[in-house]
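Which chain is which? They are A, B and C, in the order written, and residues in each are numbered from 1.
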Amino acid sequence: MHIPDGFVDIPTAAVTGALSLGAVAWAVRKSSKESGDRTIPLLGVTAAFIFAAQMLNFPIAAGTSGHFLGGVLAAALLGPWIGSLAITIVVAVQALAMADGGITALGANVLNMAIIGVWAGYGLLVLLKKALPRNLISYLVALAVGSWFSIALAAAACAAELAVSGTIPLRNALPAMVSVHMVIGLGEALITVAVASAVLAARPDLVRSYDLPRESLARTGAPRTQRRVRFWSFVVSLFVVALALAVFISPFASSAPDGLESVAIKHGAEQMAAETPVWRFSPLPDYQLPGIESETLSTALAGLIGTAALFAVVVLAGRALGRRRTGQQAG
Amino acid sequence: MTVPGSAVGGLNLLHRLDARVKIVGLVGFAVVVVTTPPQAAWAFVLYALTLVFLAALARLSPLAVGKRLLVIVPFVVVVAIFLPFFHPEGRVLVEWGPLRVTDRGALIFWNTAAKAVLSTWGMIILGLTTSFPELVNGLSDLRMPRVFVLTLSFMHRYSRLFLEESQSMRRAMASRNYNPRWLGQVPALGKMLGALFLRSYSRGERVYVAMVSRGYEGTFALNGRRRLRATDLAFAVFILGAAAVIRIVVAAGGF
Amino acid sequence: MSRAVSSGPVATLHAVSADTDVPAVLVQGLTFAYPDGTEVLRGIDLVVQRGESVALVGPNGAGKSTFLLHLNGILQGSGRISIFGLAVETKNLREVRRRVGLVFQDPEDQLFLGTVGQDVAFGPANLGLNEEEVSLRVEEALEAVGMLGSEEKCSHHLSFGQKKRVAVATVLSMRPDLLALDEPTSNLDPKSRRRLVQILAALPVTKIVVTHDLPLAFELCERTVILDGGRIVADGPTEQILLDERLLAMHDLELPYRFAPPTSHSCRASSRPG
């Protein structure tokens, strides 16, 4: 989900950069107020922990692997301010020292992963905690949903930025990005819950967002998440879910672009349009021509084919990269 | 992925430069590249030549650079996949049933791919010629807020330690035949990370105590500011100058 | 950070420490319990004179490390502690922490910055010394532990024995009057251990050494204190305490198999100031 340079245009980069800068500055203030002179060592080891955790690839299926993001986990454990700052630091290091994620896209990447991802997931966790009965299982369910949602939403934000920049239209980018990350999000949710329950079992006081009576821990213990599911049926069902989501989301998404795309036009297209008319894409290329029904159908179809292709690419790339990484780890 | 600051050996000109000029120069270069309109293909060729020159100067192995460039592949491929589905306006270059690749679509692909390759390449040169402590010092000298500089230096110090710990835990798991093949086996990894978190949290507490024991009161200075040498300035002038000249000629409608 | 102060305060501090009437450490009725109610220290009384080297031994969980953390006010239990006549309380913490050099068991905790030089400079910089004075202190401290010339090295690349020595240097650079060492020789190979013991013996400061390495007590300390269950259960000359097999057995301690106590007291003599 690390957008490279060139995929977001200058206005988008500037706006996302400014938003991120503001949010991060605020987070610095709040976390220093909260943790005092412990902020720096705490933040440092948290960032190091997230960084180390992101190095661990987890297998999804068929040789594909995803890697852990950790935003909601950090927020659940240490509060959203520290969590969001730790992810910011990690994303910045990846861009500066490892060329993973563009330097002009840094604002967008921080916004997606460290701000939107962390806060949306954490917000959902807090809301669900209020809505669900107060017990350990509900807490873990809320955590799972929160971390899964944070990945999906960060992917959606990423798709929106690509669309506003005119790189990929929203009707293609959104379903594809979101559906793929809905699958990756499952891994995120599983790991987040497993880490949180391990920490809860040993040091419940270190899980800041857990405010239920401690006794319930001893009774319930860590949940059994490891279930025996037939491997290939799992792969196939993942694929079916991804496709179903793509088909379901695409028509829904096609109504959204207008607003976003018109923003893009307002932003920088005017002077750009004068000298480089072809670079910017026009907001309404061929939408009006067919009737609503067939439009829905065609966008859904496009989403479906796109998702299938993307899924294939992810599987192949994951296989190749996964092998390379395992090789490095062994060495 | 490797640990940041894995600047490989060699002590040639680019490695010895002050980190400040490398950061400003290569980040500035990336910004200029990203603002260049894609029609000026020749400009991208010149940008690439500038980077080839720098990489040769630093004696970076093309293989090492190429490997690192792989990180952008997924995004470039996604754009390529969607190429036939969008931007149906414009001159059709390739037509294949209902799928059409138009000149607009192709231009967008070129725009993203060329810019991604060039800016990433520049950052790879930065990463391969600058050790992480140097990078942190450079950011500190560039007046990056103290919280970030200090956090970065902590992160660097402890990420290696945690990676080693997580690797030894993974080895311990592998010795007991844990070899995850699919998502359902992931929770065990999570348990391991939980243990790693507990260790890292108490590490943070102990470090804090060690700092307080030595009179820490909320902030501290890392290093004194150093002076830039002539070679540092020459590098900054070269890279920013090259990028600026190319960009200005593009803006003036040259060629 | 203010860097205006140079050698001024140091001179005054030495004037204070010249007042030889007050003991280096005075602890009276110290008790401490963790927030969950676990009592760790249950009434400790201890006096350590200037220039003394005291070994603090006892089984795991006896409260040894917790006790050390009280010496510079990281933990504050109830009871009275004063360091060179200075009460360990919030208003004196700055000065107390300068005078008490705490060396932790795991050097990884103490070396938190990128390079050796930065880590050793951390303490003196916090004292508000100017850059020249700081680099002088760094040089002096690294020389004392035989690590001069490694300022630019990454702590990560040092051997474990070197890390231990640099950890000692990080507090020596603050010119402490009392060195409190937690398990200084744990996990060291015999050669690195020997080197560290020699370095520590040569330091002319008051020392409190928490250790499971009982031969270390013979080598470094003329006095040994046994702590068990949060109380001091024995206190006396090292030979007397550590050669009393019944006493050791009662507190789950034992000397290494076929250990022969040293007959010469050469290294102890060199640990005295002057």
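Convention: a contact is a pair of C-beta atoms (placed from the backbone, for glycine too) under 8 Å apart; a residue touches a chain by one contact, two chains touch by 3 or more.
Because the structure is a prediction, the values reported are computed rather than measured.
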| item | value |
| --- | --- |
| Overall pattern in which the protein chains touch one another (line/ring/star/complete/other) | line |
| Chain pair that, of all pairs, has the most C-beta pairs in contact | A-B |
| Middle chain, criterion being Cα centroid separation | B |
| Centre distance in Å when chain A and chain C are each reduced to the mean of their C-alpha atoms | 48 |
| Distance from the mean Cα position of chain C to that of chain B, given in whole angstrom | 43 |
| Chain A-chain B separation of Cα centroids, rounded to whole Å | 20 |
| Chain A, residues touching no fewer than two other chains | 41, 44 |
| Multi-chain contact residues (two or more partners), chain B | 132, 153-154, 156-158, 161, 203, 207, 211-212, 216-217, 219 |
| Chain C residues counted as touching two or more neighbouring chains | 112 |
| Chain C partner contacts - residues on chain B that touch it in the complex | 132-133, 136, 153-154, 156-158, 160-161, 203, 206-207, 209-217, 219-224 |
| For the chain A and chain B complex, residues of the former touching the latter | 2-7, 10, 13, 28, 32, 36-49, 51-53, 55-56, 58-62, 68, 77, 85, 89-90, 92-104, 166-169, 172-173, 176, 186-187, 190-199, 202-203, 206, 225-229, 231, 234-235, 272, 275-276, 278-279, 281-282, 285-286, 302, 305-306, 309-310, 313-314, 317, 321, 325, 328-329 |
| Of chain C, residues touching chain B in the complex | 1, 69, 72, 74, 94, 97-98, 100, 102, 104, 106, 108-115, 118, 122-123, 125-127, 131, 154-156, 170-171, 174 |
| Interfacial residue positions of chain B with respect to chain A in the complex | 1-2, 4-5, 23, 27, 30-31, 33-35, 37-39, 68-75, 77-79, 81-82, 85-90, 103-104, 107-108, 111-116, 118-121, 123-124, 126-127, 130, 132, 135, 145, 147-148, 150-159, 161-163, 165-167, 170, 180-191, 193-198, 200-201, 203-204, 207-208, 211-212, 216-219 |
